């Protein structure tokens, strides 16, 4: 009997040693962060005193994607410029657990006494209850890149571009690629649940109703689920389904690159062009060889920078988060909080504008 | 039989020690961990998965697998959302969502029990197909604006500090433990899991038991899907995507053998508590999502590997001792 | 007829049943989709099936031993990313070395799985469910959110997908597809004719008996995992060549696709039954259905997955029903003939012993 428990004890020892050995080995960075998090816990109870700093979290849709890291660089730049003594955390879920993971991080941030969170929302309205709970606990909730559609629980959305303008930009690129006599094209989107893409495509469809775009015909909207394989196959399926299609418009960075590669591999670049929203670094090759002559995007670094300014100023009370307020966002200049024309109840800060990339400027931007 | 039983006891003991270790570590290192609100959150954030893990325990002990649960969760939530959007009162829409789950369960049962296809194939098709049905209903929409009472059920405490889903979980837990560990049906589940043929010769109605389990599995999953919809206050086609692997991980870490016939709900309960506390602790320590899954992956492997290695070491030690004893005798 | 019966076992005609099913499906879609019977359709499907087919062969080896490898998706992503990053920095690395590196990295990851499964006696599903998460975590940690960029890769790699090995009439056999077919043929020969291959079946049909018979069961299981990892590594290289831009989500979901290909292809999840060729046909079947559905104008984007699930289920059900009929036919025949001589189904495995 005694021996048995001795064995159990030694097992436990082995286990705890292993566990203790693993945890820091996998992630050394947060180990260093822990004491600081503890230190910021104290002011969380007292009303946020000046000079104590505002602990903040920047949350991407998920980790491992370049544009979100660029946004973090921008936020960090603002963080250092302002000189916020508390920590700025970059916390995100895994891609396959994005919705539940975002809600979990938001809820945990509330428990930790984080003062402001900046969310690139991937959960649609499903994140609203958690965001409302965070607001009730006194946290500042700002969205960037992708808003909460109902605007519930969100104070301000930092919009990269005007969502209606996205429709116009896509339609203009289509016209510029297809020429004056227009033509037929299809949209290759992310997933059917991607709120941003859905809003942009809806805007595109509205623009197409205008007489000056009458010679552009949208054949179909298909989804590549932001996976290379699906997007690649879908692009080729479009070519097979619609022999007279001349353009694939992909408002997603994964989709546009996969579609361009598919056209290049099958020698279809003369017949079918690719356009949409893409990263210059990923599109460099296809823009130079003519498979994707034109595409657009905005600066994610600036977006992170601006989102940080908005969230920080709301958390410190410098901004109240009401319509018509104007503020200075460091190097980016002056911005105004305005009604979001694409969401009934929402407020937004509009960054803009688009940069349209073609062979003349893509190389410089890809660096 | 004796040795297998003691192995189980040891497993659960091991899990219990591990749980204590995790809880103490969190309590000492993470401020904000030992609060009622956090403990409610810790359950609430994964409550739907752990509800489904209860019934998954039955399925895996029965030597089967149900990969379609997450898609059934999505199907029931989307059915409800679709009907509610079409003007049906919420109560009825929710009931229809539940029935959609029952229908999915009957469909699975038919192919597994009557046609005799492997459950892996059937539920893999279900994983794709039921998700497809969910998308067919809601397409690219997000359906929300549910009645206030419905959202309240998902988001507010119902009795004391406990929200509805937690109460559902504890009630189901008690039921499940009684049925699996203390009833004749539960014994059949184990017997079938150990050997289908032996069970058949012993007069257990194997197919019927399996069919009941798969209908129950989908029904519970559908209920969990509705609870999830109430907690999030909106549904989309991708709701609950990918939950199946998390659920299966919880059951396997609980010491349930993937080959069926062994394991218990006590073990699963402990593994659920370990995973929830570990995730919560790591989340509060600001570890990224990838590191969290990675650590749980390591834990999953180590939890089986460590006892095995220990027993190997012990066996070789015993062999060594026997040999020296032998040598001592002859010499 | 009797000669045929004596010559073949139901398990051996299983592939023929699958081929018949595939032909049936192709004919059906041919009536629905314009221009379906064209060399283009062949190219589309053959190139898209290559990655999964290669992984499915490795998966089959593992499943034959009554194990499973769920980590392959992460191995594909990891090798594609690591080899891609290295090639982007060292454009003059010889192609052969790049392929070798991909296979080697995969093999090491598979070896870890195999070691813990075979020598640590941990159930494969637990190990590989764990490494599925661990390998992906490793990838995310080392990537620092940077992607592999097409423009940084050497030209030979980017231009690999359209390369033809040879053409039969208007039908092009692409290099990447040829690699997949070669892998299938090599491993089909290995499991059919080599002692190692036969032992794979023996272990799967009865692990205890195999152990008693004195097989180095642990080593064989270990080798199966190493090969599965190595093939996933090779698939990672194909993935890299095909898509160019590689992010940390690369290869996600391939684990379930490869399991689906194997079980649809008649590989029994309880081990001992099935073949790499069957898994290849399974992968082909799923891919044909998938690629045809996205080209079928009558089918909306949202109906597709519901149909895909149903069609896979029906295909497996048809296969099972036909196989059961055949088995009954055979066993009835065997009863009629001398009972002692006719080899039973189990006998196949024992002969290998």
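Letters A, B and C name the chains as they come in the text, with residue numbers starting at 1 for each one.
We adopt the following convention: a contact is a pair of C-beta atoms (placed from the backbone, for glycine too) under 8 Å apart; a residue touches a chain by one contact, two chains touch by 3 or more.
This structure is a prediction, so every number in the text was calculated from the model and none was measured.
If the chains shown are joined wherever they touch, the resulting network links each chain directly to all the rest. Between A-C and A-B, more C-beta contact pairs join the chains of A-B.
With centres defined by CA atoms alone, the chain at the far end from chain C is A.
Centroid to centroid, with C-alpha atoms defining each point, chain B and chain C lie 29 Å apart. Our note on geometry: chain A versus chain C, Cα centroid distance of 35 Å, whole angstroms. For this pair, chain A with chain B, the centres built from the Cα atoms lie 32 Å apart. In chain B, the residues that reach two or more other chains under the touch definition are 135, 139, 288, 290-291, 293-294, 298. Residues of chain C found to touch two or more other chains are 136-137, 140-141, 302.
Residues of chain A in contact with at least two other chains: 26-27, 63-64, 94, 96, 192. Of all the residues in chain B, the ones that touch chain A in their complex are 10, 13-14, 17-18, 21, 29, 31-32, 35, 37-38, 41, 45-46, 135, 139-140, 142, 144, 151, 154-155, 231-239, 241-243, 246, 279-280, 283-291, 293-295, 298-299, 302, 306-307, 310, 314. Across the complex, chain C is touched by residues 26-27, 63-66, 68-69, 94-96, 192, 220-223, 226-229, 232-234, 236-237, 240-241, 254, 257-258, 261, 265-267, 281-282, 284-286, 366 of chain A. Against chain B, the residues of chain C that register as touching in their complex are 116, 120-123, 125-127, 129-134, 136-138, 140-141, 256, 259-260, 263-264, 268-269, 302-310, 312-313, 316-317, 320-321. Chain B meets chain C in the complex at residues 111, 115-118, 120-122, 124-133, 135-136, 139, 245, 248-249, 252, 257-259, 288, 290-291, 293-294, 296-298, 300-301, 304-305, 308-309. Touching chain B in their complex are the following residues of chain A: 7-8, 10-12, 14-16, 18-19, 22-23, 26-27, 30, 33-34, 37-38, 41, 62-64, 89, 91-94, 96-97, 99-101, 103-105, 107-108, 111-113, 123-129, 133, 149-150, 191-193, 195, 198.
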